[in-house]
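In the two complexes below, subunit A is the common chain; its partner is subunit B in one and subunit C in the other.
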Partner chain A sequence: MSGRRLRTLVLREVRATLRDPFTMTILVTVPLVALVLFGFVLATDVKHLALGVHDASATAASRRLIADLGASGTFDPRPYATRGALEHALVAGTISVALVIPPDFDRDLNGGEPPQVQVIYDGGEAPLAGNAEAFVRSLLVRSGASLAPPAAAPGGVEVVTRALFNPRLEGKPFMVAGTFGFVLSFLTTIITAVSIVNERLTGTFDQLQVTPATSAEILLGKLLPLGAVFAFDVVVMMLVAGFVLGVWPQGNALLFVAVSSGYVFFSLALGLYFSATSGTAAEAVQKTVLFSIPLVQLSGFAFPTRNMPFVFRWLAEVFPATHYIRVSRAIYLRAAGPEALAWELAVLALSGVVFMALALRTIGART
Partner chain B sequence: MAGPIIKTRALTKRFGAFTAVDALSIEVAAGSIFAFLGANGSGKSTTIRMLIGLIRPTAGAIEVDGVDVIRHPRRVRDRIGYMGQKVSLYEGLTLGENVEFYAGLYGLAGAELARRWGALRERFALAEAEGERPEDLPAGIRQRAGLAVSIMHRPRLLFLDEPTAGVDVRSRALFWELIQEEAEAGATIFVTTHFLEEADYCDRVCFIDAGRLIADAPPEELRRRYSGGYRVEVALPPSARAAAAALLGGEATPTEAGLALAGGPLDVPVLGALARLVAAHPEARVSIEQPAMTDVFRRVLAEAGAAR
Partner chain C sequence: MSRRFWSNVLAVAYREARIVRHDRAFLGVVLMQPIMMLVIFGLVLSNKPANVPWAVLDRSADAVARRLVAEVQATGYFRPPRRVASYDQARDLLRRGQALAVLVVPEDFGRDVERGRPRVQLLLDGSDPLSAARIGAYVAEVAGAFATRVVPASARHAAPRLPGPIDVRQRFWFNPTLSDRVFFLAAFAGMLLTNLCLSVTSGGLVGEREMGTYEQMLALPTTPLEIVLGKLVPYVVVCYGLLVFAVLSSGLVFGIWPQGSWPALFAITLPFVLASLAIGVLVSVLAQTTAQSVFITVFFIMPSFVLSGVMYPYQFMPRGVREVGGLFPLRWYQLALRRIVERGAGFAEVLGPALALAGLFALLLVLVRWRMKPRLG
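And then the complex of A and B:
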């Protein structure tokens, strides 16, 4: 390894990248657009949902319950005089969730019987419904408990779930933390996909291999500048997530940057491997796109891996993105430290070593 | 003459069922210009890529400047220069930046680089191109720049793969002059081309067809072996013809304009006889027709085909 040769290679890559407006635009805009898009638009957030209420009880207690539900900002309660009207509105889509308070609500509350309220929701919008349902339940439990006189039996209402982190079940932090994994995995491989194959086609790769530069120098010459750009992207994304979306990491920000930079480095190596094993730029891009499909479906970015059939759950474990997304959510949402993440970090490091070795081998390969 | 600087023995490269290079054994003398001629797809590039260690042969042995490049491709890297079919300058960087880049990989910088590049820039007439990007340069200049960059580190051996493809005639002539200067300065040049007439710029010519060596000799010898030879025509008045024929020896045949000498080599006795003839008959007009390399190659191919 020669420092001068490496510096020469890095300088050229930096120059080429800086002069390519398309690459620069992609490197800066894609992460930010994805972040804002996923954070704002796709977040399975529960906010200002139209909550239809049929209050058959019409007592002070039931009115307080409704007021409580409205106070959180999650629901906008709308009264419906009959149960039929309520169901009609649900079918028509004017409301997403409906609540029926029975006539004997007040009596049950004071009589020691657990009060029965019915929650009806549109199961079609599964993720939203799930969140809304869980939230309305937790609100009802809290509100129901405070409504009950001290003399009443404790725990008079069934407790189903309790959110330990992110108690308001906001979708944003979840999506933001996942977006890092999605953007970094996808962008690193797509940016490097054409890198080597293009140099092969223009002949500069042959030229490079005839010079004293070693495969390791050539690999690092490409990885270091792009790695630096992506590390910068990580920081920018964190700042945008914080200032624009109000999502800051609960855990150590430096740990997050360090893990992300390492992940970016390995992911770039994988992209270079795709590139070095492709005959044309189109082939390299196709490989990247094919690789990115399971990135969305399997990595847990959009769908929780725990709900997957056994085979796919194992398949998901093979993707480094799965582990990186887990780590970023752990740091962002649960303030996890390195010791809690040892296993995931070890898997990431191992896949990094494998990718680097693969890239190194293909770069130096003589066919 | 020094011993061979490149030696291959039964060099073979197969891509699946296709044999690109078939048991090729060649020797290239140090300090010579060695032309590797053949049609497109005849195995020229594959051979050159094996010689510089870019691809691994299926069988056979290669020695370049005393190094087994199949086992140790890296050991000759700073002794060889290479220019591929596509001139390998980075687009997006100016020529000057390309120079700086490649020089850096060979450990050239500072005053030494300034001195060497300054001299090359002068000799290759590249001063105006220095600030331009390769993609904006005409093919001829780009290729000259590519050559300059590939000899900046003063390689003992220069491998040029179709360096004159797609370049106009004038640039090609200038390019060959530069190559010859390099050879005179001591470098060995291994050059592939499909322009058969370029063989005359070279010391030795190899013809390759379908991966097989079909001829290997200096260009003059190939002419002698594979053509009807030179045709010398002497136009002179009928009165002088008998005396002139005597000067040229028994081989001269009468023609409408005077005399003709066909099929022989253009060697010292013939040239001496012609000089004496012109001295004795100042009115005589001599024209010499050189057999075209294309015809030579055609005949080499035909004979190789017949032998198969």
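And then the complex of A and C:
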């Protein structure tokens, strides 16, 4: 391993990359677009959801109930004169939730019998209905308790809820921290794979091999600049997340950059492996995409791994992306320090080393 | 259109079909991806909280508090709770991600129960907001309806039951168990077809240009339009094959059959497939190299999945972002799919999405025609 030769190779790679405006554009725009896209897309707080109401009771109490549901900003109540019109609106998709208050609501409320209301959700949009359900039920229980005459109130325990780390339960920080995992797992691998396959196809890889440089030097000469670019990407993403989306890391920013740079090398190794086993650039991309779908879906990027069936929960643990995204959220949102993350960091480091060794062996056998 | 036009189109189609049969990457997309995605969207992904780790900080050691904890546990969303002794320990668990919620029962809980206004505190890990919001609401509901005084078994017949002040009867239409599987698989065909249409066509023309076969075809008495259409015909056939796979696999494996009109389902697929293929063609006309076209495609598929509403309901998205999603054919197709598959719609209900798709297709054709010059390079 010669430092001078390595430096030459690195310089060559940097020049080649800078001369390729398309790759440069991808490297800069994709992370930023992904960040903004994912940051805005997930709003967990149900807001201004169309709530159809058929109020057959039309008393002060039922109107109070509807007003309570509307007051939180979660629902926009819309009155419907008949039950049929309400059901039609649900089928047509103009409302997501339908509330039916029966004619004897007020009488039951004061007569000791618990009054019944009916709630129908549009289950077609399951995630939306799931969130709406949780809100409707707790709002109804709370509002009903205040409506009922004191004697009828059978107790109930008031819950004072406080969300740590993200008091307003915004979707943005969750998605931003996950997007680092998405970009560093996917973009990194795909860029590496294509870049090396292309060199093999154009013959420049063979040219490099007849120079005095060893294979290890050639590969390092490719990987180091790429790694540096992605480490730079991480910093740019952090700044954009902060200034555009208002999401700054709660924990140690340096620790986050260090962990991310380490994780980049795992992705580079994966890209190296795909490039070694592919004949054309298109094939390398197909392989990466095929592999990245489960990587991203199983890693808890969008849906928590704990909700998955048993077998897949364990499968997810095998993917380094799962651990990286976990670490990323822990540092970004919960200000966790290295001591709380020791296990996850160890898994990441180990898989990085194993994959790099595997990739180097595969590409060594090929060249 | 003359007879020669169609015979030329068919000739190009025949040639394309012969080539495609030997394309390994293409076969991967057609054979592997559908099965993988069926497993992921049918079995794995879910928004519904499950196996939630939580902890209890019980300072009252009151029997009523223990009963409340048992009732929360009985909702089935939680693992058995861990006991913690202090706030610091609770915070630490939350910070390490080892608990998503901590229920804090205050010291004077027993006295408050007697006075009739008991309170507990729930600390949530806001770093997973979707789960936290739902868990918070579940606990609030259980606690709100919680009977602090147990009616003795002997008196239970005499005295009326004491449920919550309002008895909420709820139902989920179109998806009675509210499973995310129905939500995902209703749009399954949309995901498969987007992947296929974009990834197969985008490399097409660039690849031919790179290999020099495009020039050969131009030397034949075929016009560029004939070439493009001819290259698309085989993929339309493959798309319908995938549509049948999507419908049959979700039906046979998961019991999710389209509730509405099958003819409408097959009809609405045509403008969607054409629009998606046209996007692929546009990419392949714009890109300089195969690698570029593949990149553009991959990074077009990603936002179209996210913004169209196949993975998250688009109603979650803020205004503006929601409208941008309307530029993707997948948005309109998934709207139509959900109406047909889940809500039992027919032709009339999917007319709007069909018109939007046809409009997008027309627009794309104009763009392709404008950018495509029969140039020799």
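Throughout what follows, the second predicted complex is superposed on the first by the 247 of 367 C-alpha atoms of A that agree within 3 Å, B and C clash if a C-alpha of one lies under 4 Å from a C-alpha of the other, contacts with A are read in each partner's own complex, and residues count from 1 in each chain.
Operating definition for what follows: contacts are C-beta pairs under 8 Å (C-beta built on N, C-alpha and C of every residue); 3 or more make two chains touch, one makes a residue touch a chain.
The structure displayed is predicted, hence computed values, not measured ones.
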Partner chain(s) touched by A:309 [first = subunit B, second = subunit C, both, neither]: second
Touched partner set for A:30, first subunit B, second subunit C, both or neither: second
Which superposed partner A:70 touches (first subunit B, second subunit C, both, neither): neither
Touched partner set for A:262, first subunit B, second subunit C, both or neither: neither
Residue contacts with subunit A in the superposition, subunit B compared against subunit C: C
First (subunit B), second (subunit C), both or neither touched by A:12: first
Subunit B versus subunit C as contact partner of A:330, first or second or both or neither: second
First, second, both or neither for A:338, with subunit B first and subunit C second: neither
Set of subunit A residues, in rising order, touched by both subunit B and subunit C: none
Contact footprint of subunit C on subunit A as seen in their complex: 22, 26, 30, 33-34, 37-38, 40-45, 49, 90-93, 96, 109, 112-131, 133-138, 140-145, 147-148, 152-171, 173-174, 177, 190, 194, 198, 280-283, 285-287, 289-290, 293-294, 297-298, 302-304, 306-309, 312-313, 326, 329-330, 333-336, 340
Residue ranges of subunit C in contact with subunit A within the complex: 24-25, 28-29, 32-33, 36-37, 40, 43-53, 68, 91, 94-97, 113, 116-134, 136-141, 143-149, 160, 162-176, 178-180, 182-183, 186, 199, 203, 207, 288, 290-292, 294-295, 298-299, 302-303, 306-307, 311-313, 315-318, 321, 338-339, 342-343, 349
Residues on subunit B engaged by subunit A in the complex (per definition of touch): 49, 52-56, 73-74, 77-78, 80, 82, 84-93, 97, 100-102, 104-107, 109, 150
Of all residues in subunit A, those that touch subunit B in their complex: 2, 4-5, 7-9, 11-12, 15-16, 19-20, 202-204, 206-214, 366-367
